[in-house]
Amino acid sequence: MLDIKDLKVSYGAVEALKGISLHVDDGEIVSLIGANGAGKTTTLHTITGLVPAQSGSITFNGHDLLATKSGKIVTLGMAHIPEGRHVFTRMTVQENLEMGAFSLKDQSGVGKGLERAFEYFPRLKERRNQLAGTLSGGEQQMVAMGRALMSNPTTILMDEPSMGLSPLLVKDIFSIITMLHAKGITILLVEQNAKMALSIADRAYVLETGRITMEGDANDLLHDEKVRRAYLGA
Amino acid sequence: MKKSILSTKQSYLVCALGVLALFLLVMAVCETGLASPYIKGIMMTACIAVIMTTSLNLTIGVLGQLTLGCCGFQAIGAYTAALLSKLIVAQGIAMSDMSRFLITIVAGGAMACIFGVIVGVPALRLHGDYLAIITLGFGEIIRVIIQNLKFAGGIGLSKGQQGQALIGIDRLANLYVVFWITVLTVAFLFMFGRSRYGRAVKAIRDDEIAASASGLNTTYLKVLVFAISAFFAGVAGGIFAQYIGSLNPAMAGWLNSINYVIMVVFGGMGSITGSIVSAIGLTILPELLRAFSDYRMLVYSVALVLVMIFRPQGIFGSWEFSLSKFINHLFYRGNGPKRGRAAVAVEGTASTDGVASTEDNATPDTAAGADDVSRLQDGVIASAGIAGTGEGSAGVGPDPNAPRDGGAMQEGDDRR
Amino acid sequence: MNSQLVMFISQIFNGLKIGSVYSLVALGYTMVYGIIRLINFAHGDFIMVGAYVLMLTAPAIIAMGMPAWVAVIPAILICVAVGVIVEKAAYKPVRERGNSMTALITAIAMSLLLENGAQAVFGADYKTIPTVFSIPSVNFGALHISGDTILTIVLGLVIMVGLQLYVSYTKRGKAMRAVSEDKEASILMGVNINSTITLTFAIGSGLAAVASLMYVAAYPQVSPTMGAMLGLKAFVAAVLGGIGSIPGAMIGGLTIGLIESLTKAYIGTITAGIITSAFSDAIVFGILIVVLLVKPSGIMGKNEGEKV
Amino acid sequence: GCSGGSLSENSGSDSAAQGNTITLGSITTNSGTAAAYGEAEVAGFKLAISEINKAGGINGKKVKLESMDDKGDPTESSNAFNKLSGDDSVLAVLGPTISATTAAVAPLADQSKLVAIAPAATADSIESGNYLFRACFKDSYQGEIAARFAAKTLKVKKVAVLYGTGDPYSSGTAESFMKEAKQLGLDVVDQESSSSADDTEYSSQLQKIQASGAEFLYAPYYYSIAGPYIIPQARSVGFNGVVMGPDGYDGLKLTDNVSLYNKVYYTTHYSPDDKENSKVADFIKSFRSENKSDPNTFSALSYDTVYMAKQAIEKAGKNPTREQVRKALAGSKFDGVTGSFTLDKTGSPKKSVIVLEMKDGKPVFNSTVKPA
Amino acid sequence: MSEPILKAEHLGITFGGLKAVSDFNMVIGKGELVGLIGPNGAGKTTVFNLLTGVYKPTEGEFWLDGTKMSGKKTYQVVRAGIARTFQNIRLFRQMTVEENVLVAFDDSFSYHMGAAIFRTPGFWKQEKKKHAQAIDLLRIFGLEGYAGVQAANLAYGQQRKLEIARALATGMKLLLLDEPAAGMNPTETEDLLSCISTIRERFGIAILLIEHDMSLVMKVCQRIQVLDYGRTIASGLPNEVANNPQVITAYLGTDADDGVADDVATGKSSVDGGADTAESDAADKKEGAR
């Protein structure tokens, strides 16, 4: 389980997180919603060590993540699908997926992982030898998701996985998320599409300019008047 | 909102007065004999370096294109000026030394400018390190060609000798005149930078595709910048030729060009005042290091690495020293200028311009009236040649891997 | 064989001789550039370091009854050490805080530092190096081809193929490519960025030591500035071949060598003496420029055209 | 005024050298690609000055060397010269090293009325006849002598040249060689060039020279290029004729196989095995003990420049002005390790040239050519 | 509809064997707002790149207001009157918000270099005027208060708006918007929507809109064209398109209205079903392409 306590993060003089606390229990989908610039991405980046924390603590299954080298975090079973996809543009789709399995000690499972990824995203199978940089935005999102799954994570952090995807694919992505959830994978989901995020999540947090302003059962928040007005559009 | 006590016209005036004061100071030390030929020589070299560096900064800092061929253009300007000067004498054309000097340096600049266009049109289709290497190549080609020109060696023209240094160039460069040429260069570059041209050029640096999608003829503008840089490099070359009195083709080599690139980066990319300070500083530094004689270059290289590590954005970053702002600051110290206003305006706000953001308009609530526009454009006057020091706020180079690396994770960069 | 033909073939081999050295050096540039987008201006000077180590250790090695080329082992060790130290002490801090321009200046400063450091230690004067190989030359009738040349070409090819396989198929190799593209994403994959970059530097510097062995085999002399022009030419070769591309470095190096040799030999005749062999450097750069304008990413480079 | 052209305030001040030491300034190229030459010159200066000081100095005053590096850059050399000229205790400047920097210093020397004695700047074009002097032959002189040696002594018919266009020394001597060779009726069968004088690969050009049937190759380069590169490469493309060079060959860097260097000749100032000139033997001996290596031309010439300066200062009187030093130096006769010579109107020496021949890796006296 | 603003005929482009767009035809009338939708990778952005001269079409031609534009350079097309925004925001990140807009005004500046260097009265007059215009334009998007802020420091939604403002500053007749609502939550999207209607009223321009947010598309578009594998598979009024079975299978998914939440609820229970659908859809698409 993931536990964040009083986390503060700054970029120079910009205080992006002003002391947030949240936790994600095993097997949960927890959704983090908030306006642009609220600090959602920053939260995820701090968890996986891409951004240094100023103070506070992050523990994951008993490991102190702030003391763990950033490259090591993935070996603890945590994968992060970054905002903006960040595929390796000059590698083929297949090589991208193989990179996802980089942290695995035992590389024999890579073939099976590939098959599974192609099962989720048949489109990628067609394009397995195309350079990822020339894929469309949606295709790249699929690569990013597939790549994260390659490390057999127990917990996945997702940063706006539906951004830029066609309605059909958004549904697909969300059904994959629920499927992963069904398989017992823990998910921390950051989404602009708050309606959908809240409808699949168990619990949710609302982040406003670096502070958590609301938290609770996802369904409750979905019907909360304030949340509706601010994030769901009248 | 902090109001400047100086209007635009007044700040121009302040700046002009500052330059004038500096000139009087130079004149005073020269005329009273306080300055030895050594000091005068260094001042002359510094002026040449300032012209080279500020104009190179237009290409490297403002346009964001790395070139390693500036000394090729300097050499073209130098040889053109030197040979023209000799030709004028050989043809027995009567004119004063001053007009000969001015005519030849302008001719040197013009010739370099022509070559700038010839080189720029094809070269500027490339970017980054590829452009660097291609301009380096042009510099080397220029060197080899000059080396093989018969009329550009020995005493030159019809009695020239291939492969020899060009000697016996009349040493017409006068420090006072060169001072004013330097001031004009800096003023030109400043005015250019703070106009629609400067804006367009900076837009190309930030995102060339978006710039053309905003209706800018990027090719034309890039070549224009290149040609302007080449022109001033040629002028600097013309001055150099008539200061030093002899030329050799090795001056066009890439090692010399790199020296000026170092000055630009050292001063802060995009900052004219930074370039001025670093050009002067790096001209004087090796002289100060003469005391270390044998270890001079070792000390220099270590110093360079240390500066790059501890002040990677250069001494000025993208900040500009401004005399009028400085004066403003003196008068307003009591009132305490509001620091760190709205969250959006703090840190990193130092735009490349150093004007709009750090001046009045940084406040979100600026209902910038028509009156403000002038200040927006010109509130900061780089006072030519006046060395000022100060902390610039973290300027971010045009490089996408700049310190704000985390920013690369934001959407918008994903396909880079 | 007709004497013109013998001449032509010999000229080709003259070109391959220096070209294969350029290739080896260019491989080092390409490795480092490929991963951190830095023109490691000091790479040529790593070769100088390697050459000095050879100069110092070769006599001892010969005295111990071993062949002189065994001296390449201490040379590799020292070069790797120098490369890694330069990376850790200078490039890494600058990379973390500065931008690409700053990094470039740092590389130039490192180059100055190594050159002047070597001068302070060894003096500026040239020093000759004992013969490292005594491979007989191969003769086909009137045609003599030096054994060193053939060895350098073969060695270059072997190293190139080895590196290419390493980068394409091993885990560490893939990590290198991943880091070269997107550092954050690589971290998320569990790649240790620093050790990957260090490894790249180590390989690049080790290659410099091998290159210095082949270089001094052909040109048996060392001096503090020997790396400067060699480094520049090799970098041009790497760009010509397509920087970042391992086969490109090889092709670029050989191409530059051939162009140099053939222009020196024939340009005067072709242009009826208007352009002489003195222009060979200019012609090399001229060809580089033409190639880049036609194919901006170099001969083997992949087009990295940005998708809008 | 402030113009660079009229600075005379500091020159010829009579206070010069009134202290207890005499300063000799030196400007040499101590960094960059030509650093080896500058370094060799400094070694020569230092040796001569320590000898002079051991022997009681000049006019009883200790001599101090104020040494400046110019990186081979004309701007730096002029700054260095200006700095030295501003120091009243400096009575003469030794240097600069290369022709390009010397060309920049020449007008400054005239302007500040301070003599500069360039040990090895050989370009014909930099003669000033005023305050710039030198200790070396000029380029044209050696080229002519080499041509005459080829025609008269070696009696070859077909000659070829190889030179670096980027280097005034190399192209200057090559040009005068060709001119003289043609005048002497030699057949210049091939003329090849490299774009700089410090390339490493010359096989292409040498192959053509070999194919041209030349019996004699004039290749004016420095010891560091001719030794390890040009001569072995010439031999490896099958050229077995004579290779000849100028004084830059002095201190030739040899590879293991010394037999390659047979049939190599060069013109220079002195012969190491000249038993008659005791100065030469002494110089070589003390240079070896100081520097653990053999001197080359640069060291020998720079050693002599110091003694030229000493002779002039002594001749000029007890507390001479800079102008007096110049007067004493102009036209003076001098005996040094690089021979006996008189400075002509242009400040260049007229001296005899010695031709050395390499035998088993050692230079051996061949002949002497007296000045015309 | 009188003279159309944009007419494209048989536009097509191939990338190394891949036909990204083929036989693309489109007519947009004055003041029309047309939607361009389709699955990811269908070629929508590529169409924008063709229409703005970023890519040269390998076949076909297009006209703006009767003038042939194909083959022209980007800046020429833009000056003629087609402006765009980018799917991945491309602002002049180190410049201020106002400068971003002023850059796009460049074509309408008339002072020359001499005037800039000597700071003639004409220079001041124009700079003043353009400044006022820029502020006006920013006001539409509520950005006037940020005029002096560095563009990179704007919040994401504001960056999107600034991009539109910058495009408007070129003085275009046809505006191409590439997924302007991506990454925005519904509330922010609505705000954007009102901006778009304001500019349509104010400037009377035609707009071609790429968007995956169907609620937005349905609300504002007068006509919609659907791409799949580079080919047009449907076009017409929003309702027609939304009920087109081909569009549903390729793009919208079985439940074409916006009831995503319910949809997901079903997805939750039948996990494997979701994956299956994706697979069969992809198979369909493949057939469509051949």
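Residue numbering begins at 1 within each chain, and the chains themselves are lettered A, B, C, D and E in the order written.
Here, contacts are C-beta pairs under 8 Å (C-beta built on N, C-alpha and C of every residue); 3 or more make two chains touch, one makes a residue touch a chain.
As the structure is a computational prediction, the values presented were derived from the model and not from experiment.
Here the chain-to-chain distance from chain A to chain E, counted in touching steps, is 1. Chains that touch both chain D and chain E are the following: B, C. The chains that touch chain C as well as chain E are A, B.
Judged by contacting C-beta pairs, the busier of the interfaces B-D and C-D is B-D. Taking each chain's centre as the average of its CA atoms, chain A and chain B sit 47 Å apart. Centre-to-centre separation of chain B and chain C, using mean CA positions: 34 Å.
Chain B and chain E, compared by their mean Cα positions, are separated by 40 Å. Per-chain Cα centroids separate chain A from chain C by 43 Å.
Counting partner chains per residue, chain D shows two or more touched chains at residues 30-32, 165-166, 195.
Shown for chain E are the residues that touch two or more other chains, namely 45, 54, 86, 156, 183. Residues of chain C found to touch two or more other chains are 116, 184, 276, 278-279, 281-282, 307-308. Only residues 1-5, 7, 9-10, 30-32, 67-69, 71-76, 78-80, 82-83, 85-86, 99-100, 103-104, 106-108, 112, 123-126, 165-168, 170-172, 175, 195 of chain D touch chain B when the two sit together in their complex. Across the interface of their complex, chain D is touched by residues 26-27, 30-31, 33, 36-38, 40-42, 44-45, 143-144, 147-148, 153-155, 161-165, 167, 171-176, 240, 243-251, 255-256, 286-287, 290, 293-294, 296-297 of chain B.
Across the complex, chain C meets chain D through its residues 3, 7, 10-11, 14-15, 17-18, 116, 119, 123-128, 130-131, 137, 144, 146, 218-221, 223-225, 228-230, 260-262, 264-265, 268, 276-282. Interface residues of chain E facing chain C in the complex, by the touch rule stated above, are 45, 49, 54, 86. In the complex of the two chains, the chain C residues touching chain A come out as 171, 174-175, 177-178, 181-182, 184-193, 302, 304, 307.
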